[in-house]
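Read the structure below first, then the notes.
Think of it as A, B, C and D in the order they're written, each chain with its own count starting at 1.
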Amino acid sequence: MTTKGLERTPVPRDKEDDYTRKAAAHRRAFAEQQTGAVLEHVAQYSFDPAQLPGDIENFMGVAQVPVGLTGPLRIEGEHARGNFYIPMATTEGTLVASYNRGMRLLTECGGVKTTVVKHSMQRSPVFELGDALQARTLGEWLDDHFSEIQHAAEATTSAGKLVEIRKYIIGPLLYLRFNYTTGDAAGQNMVGKATLAACLWIQTNHPNRPHFFLSGNIDTDKKHSQMNTIETRGKRVVAEATLSGDALKSIMGADAETLFHVRQISQAGAFMAGSSNNGAHSANGLTALFIATGQDVANVAESHAAIVYAQLLANGDYYWSITLPSLVVATYGGGTGLATQRECLDLLGCYGTGQADKFAEICAATVLAGEISLSSAIIRGDWVSSHDRLGRNRP
Amino acid sequence: MTTKGLERTPVPRDKEDDYTRKAAAHRRAFAEQQTGAVLEHVAQYSFDPAQLPGDIENFMGVAQVPVGLTGPLRIEGEHARGNFYIPMATTEGTLVASYNRGMRLLTECGGVKTTVVKHSMQRSPVFELGDALQARTLGEWLDDHFSEIQHAAEATTSAGKLVEIRKYIIGPLLYLRFNYTTGDAAGQNMVGKATLAACLWIQTNHPNRPHFFLSGNIDTDKKHSQMNTIETRGKRVVAEATLSGDALKSIMGADAETLFHVRQISQAGAFMAGSSNNGAHSANGLTALFIATGQDVANVAESHAAIVYAQLLANGDYYWSITLPSLVVATYGGGTGLATQRECLDLLGCYGTGQADKFAEICAATVLAGEISLSSAIIRGDWVSSHDRLGRNRP
Amino acid sequence: MTTKGLERTPVPRDKEDDYTRKAAAHRRAFAEQQTGAVLEHVAQYSFDPAQLPGDIENFMGVAQVPVGLTGPLRIEGEHARGNFYIPMATTEGTLVASYNRGMRLLTECGGVKTTVVKHSMQRSPVFELGDALQARTLGEWLDDHFSEIQHAAEATTSAGKLVEIRKYIIGPLLYLRFNYTTGDAAGQNMVGKATLAACLWIQTNHPNRPHFFLSGNIDTDKKHSQMNTIETRGKRVVAEATLSGDALKSIMGADAETLFHVRQISQAGAFMAGSSNNGAHSANGLTALFIATGQDVANVAESHAAIVYAQLLANGDYYWSITLPSLVVATYGGGTGLATQRECLDLLGCYGTGQADKFAEICAATVLAGEISLSSAIIRGDWVSSHDRLGRNRP
Amino acid sequence: MTTKGLERTPVPRDKEDDYTRKAAAHRRAFAEQQTGAVLEHVAQYSFDPAQLPGDIENFMGVAQVPVGLTGPLRIEGEHARGNFYIPMATTEGTLVASYNRGMRLLTECGGVKTTVVKHSMQRSPVFELGDALQARTLGEWLDDHFSEIQHAAEATTSAGKLVEIRKYIIGPLLYLRFNYTTGDAAGQNMVGKATLAACLWIQTNHPNRPHFFLSGNIDTDKKHSQMNTIETRGKRVVAEATLSGDALKSIMGADAETLFHVRQISQAGAFMAGSSNNGAHSANGLTALFIATGQDVANVAESHAAIVYAQLLANGDYYWSITLPSLVVATYGGGTGLATQRECLDLLGCYGTGQADKFAEICAATVLAGEISLSSAIIRGDWVSSHDRLGRNRP
């Protein structure tokens, strides 16, 4: 299946135009020849590779990931309002059915309230000084020159706005978080470019020409971190709902008292484990939505962090909220404009500019549906049997 | 784009057979009618929906995710040996190019050494007792009855082996991690079923009929946790390589001393941030590989955790290792058997039984390639310009 | 106050016998002469310095830390049973009064149930191998030779028993936690010595003479860590009580419903903050007890970690537990035998052998008293006014 | 040793004047009678109890904690400059000797550079709103009224200055960190009082009279948290030094290359463990200094967090820094004015106003001395034997 020799035969590229069906076919043929595999289905794509520059290199075909349709999910957000049908791309059996059940409950209980409470995308350069005093002093200089730095940063982008520069010193190192709002793009590249410009401005204008690296690893891009949970990365979004005790019982077979009792147990467990998320499984819903809609799916690493906050109300209803502190999503740029991805965004009325907060609200609402469904299954005890029925696909 | 009324119109299902092209078309038509979207490309899939039960519900079509071909990557692992061409499904521009560059360096330096150092998939039930003393006492009883519990658990599975039951008490709660090896499956469902059987055996045979929930949230499934990093979830895999200073300079434009210097900075940053990963961006490589090969992509949440350990050698070479402590992957079951997914596994010689460790090694080696490439770009300073050149796709 | 020159004048020592009143006086005179300070009260100690070897070097006098008497606290533990009067050494106003109030409530509600659920003191050497495969292989070899290693370790100590060796691999490094029970000593030195013997045995007997360092920093001694919270360091102790709603209201002015409501808020806050403790202020009670009783007070770093688990009961009572996962205490050795320290241990009936679990239970019960008192003050709103009344000491 | 009945006999208090030798004697007699213990040494204190109000309640005597004298430690800080003799109160054998050795090395290498890089003491109230949108809206209102809130807060204190209000939303909860500078006091009570005034102002002036609790548990007072490490609590202080390779070898018996090699190992270990501190044992030095100088010793919980950042220099020297991100100390108020405590502060020239930053610098420099000493012992391998020689005190 693999070549064993020491020779390195690189993947072929077409110097004229590498984004053609022909170039892709050439690479598939090369791969088949090198490995013995047959790439028949990978070759089945319905769009023109000419639209791929900026999304991928060495294109050879597609992964066809099945998409299931869920909903309706009633959302009463600031931006997302109405009943939504939500496409979820997954190969995990029961996932779609489980989320769908949670959506039904939420919808019957009047829907999910959603709010984006903060926007903050960042690049985190680090300046390396001679000692801690110089690091502190440079930090003060940055405060004094914020508006010029802001100007330098924002000159590189039409959508990005530099909101603040947060400072964190370790030894002689001044780590910074340049926090931006980024409009409808996720904005990682935008803020990288803007921050580079800002740092070059600093380096040019500060008398000591301080040295920097564009990332000191506290961004923390494509990685969960407590810092993201605390300080926000991308969007901080809340989904909340009040579930009637009756609906919980009839639709979920779960009673509110037991759910709340178990919530204490799962919270303590998450705290002990040092978990990124004291809820159940946000990553399932987010990943499925991300693949379907052309998000940068690797951002599930940051985006799956979550904090559930719930209360059992005096009338027996259950208030349930989930806060996603570092949801990184876009409705413009990246993979969002590709063939199936754009169609799935259209399904949500979320393609293009002015839609990112709406999409973020849909993500959070979807996650809440999954929380309710899985938590109910755990206390109901049919979790395993559902998976056994729906979730096994052995050849 | 969305229906605004309170009526709940559920997604149509075909009671006879819901896994047909017709049923999928029916759902697409429904979705189009409800939302006004057009689902043309989503409809373009090349496999028979009849193979989907167990992978998805409410199937309506596919996400076509572009796949790029990278490699060769020379791996000298226990299981993966040779030059590999690796399919990466992504919509993030520069990703494929960047990983490819890292692979070239690694290959020219003699390849990546890879080792799976631990297997441990778990389900974590919690027993709720009357007080802490009872919790401790039940824990001791479990020790005394381990072989019977093991028997009960393993009776439900051919592949799963119960290795140990770890005990963690909070108040009157006995949280357990039932740690298994699971063969070539990721095994979440397998261990759920086995652990349920084990808990039922305990409940039946212990004189007090202790009460349990099947998850106390310390598994921690689909969530990063420090517990996973410490104790392992899925596979703990190490990729390591010694890079010659000369190759680093010529291929990456980075010198080993600077890389190691900056490593100190990025390590301190990751530590301060409370990051899941003191490396650069494992999630990028893993996600692209996971989508291409039919993994449960939501497991990126756990799998992206990583610990880089590096040393600058006396001769100027650079020893670089990355340890993935909770890599959850499979080569059998789930989405691995689907059309494009299986082809991509075939490309790696990894489809089917007996291949999971090999595939895990390829994952780790790929991640290492990405680490080297991005880290070099950061110190070289052309990170932003590359993204500007390759990674922008604005309509 | 300080000498400004570059000369280094070392602190004088008496080569004959450095543990005398005369040697101490000599050092005080030296310090006074060097700095201009007057050390009058520091000189007032009532014991013979001859008993200090093994506790301190360069002895020059004492810190006189005020001790307050609290109690009675009714404890119904395994080892601690009865009404206890507890000495607390502190200079933080309101602390003694606040704990005392919590003790009153607990005692009137029937007392605190306490249980030591796990003993595990460790030293964590790290073996440095050539690659990850060698690290894994050495780990397997350790499993195969556990009883010999155990023998080597236990030969160095009468009290220490090696329970298990846990293995954690990063790259080519095999980190180990040698977990012991240590009788009535805290045992850090004991397990250091035993583990050194074990590692030397391994090094001598393994064909490759593997190289090790005695600490790889995962012990984690004198430091909080998630690993300690998960795996236990020292003793894992639970204190639990059921508080009647009426007593809460009459003694604390707090109602159980509000306490539980706010518990949800403080839990979510602690989780977001990445806190070592989702309770209120265990460090206050532990530190005061530790200073009074001759504990190694620096172990507050580990010992203050805690997990509160509570439930509001159907009858309106409040079940409240706190778990201290890494309580490091001793009733024998170290500072426990010194003059005032031993008297304070005697007050608790805890000096000497066979008392460590009893003392650990008293620690946990005391902590619980403080939790209840402070939590009630926060919801009652008189927290600030109490501090204003009792806790200000401005000259 | 303990009374066994259900009767609750409270500790006696003198209603006229509870801060007298007589009242203390009365309590000791009571304790002796209740428990059978003899409190002879506890009774030996040399100050007038009349100075204790605000520091303790139910005073009955003292803990006499041995103090060792270390130094000189050469510090070249902003505030601390010169050679210092440092009092350390401990009962852990070898501690004083070990720190002393590190101080010698640092002094011979030209001293420690120290800098306080940030001041930030906080109280963290939480406002509980009807939903997340209201929480966000209230947050915006706070921004708009910052100067009035600042005015209300600062009206309660002469020393405290409100620097910023940071906002962190979870569900409908608006958690705030009111960050202050607090002059020479640690300031917990000061900021509690000021924040209460601020919150009452908000409640009075906001049209909705929003409800709050004075702590939402993200302060995080007397608890380590990642949030403190990131955002600072108290003072963020850096100590740094460049150690000559020769001095390391001659004084410590350790070579710089090996120290740096092992640093990579201990950093990776700390990261895996989820430790509060990637260094060695800051808690030892801090606790000993805190007890000696009348600090609130429970703040070791927060203060022991640390980030070591080191580099091996091209010339073979070793740059070593340690950053204490949440050092909580005072030179005024609390226990600092008590008899022995004030004398020990005088020894450092640190008693009273205008001294807190100087004292913080001394703390950090002391910690660095301990890091070097212990790290060297670990690689030198005589760690256990030193403890065996100096650190055992068995009766």
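One rule holds in what follows: a contact is a pair of C-beta atoms (placed from the backbone, for glycine too) under 8 Å apart; a residue touches a chain by one contact, two chains touch by 3 or more.
Values in this document were obtained by computation on a predicted structure and should not be read as measured data.
Chains making contact with chain A as well as with chain B: C, D. Taken together, chain C and chain D share the touching chains A, B. For the pair chain B and chain C, the distance between C-alpha centroids works out to 38 Å. Those residues of chain D in touch with two or more other chains are numbered 168, 170-171, 173, 226-227, 230, 265, 267-268, 270, 272-274, 278, 307, 309. For chain B in complex with chain D, the residues that touch the partner chain are 226, 229-230, 261, 264-265, 267-268, 270-274, 278, 307-311, 325. Touching chain B in their complex are the following residues of chain C: 78, 113, 115, 117-118, 131-133, 135-136, 139, 168-173, 226-227, 230-231, 236, 238, 240, 274, 307, 309, 321-323.
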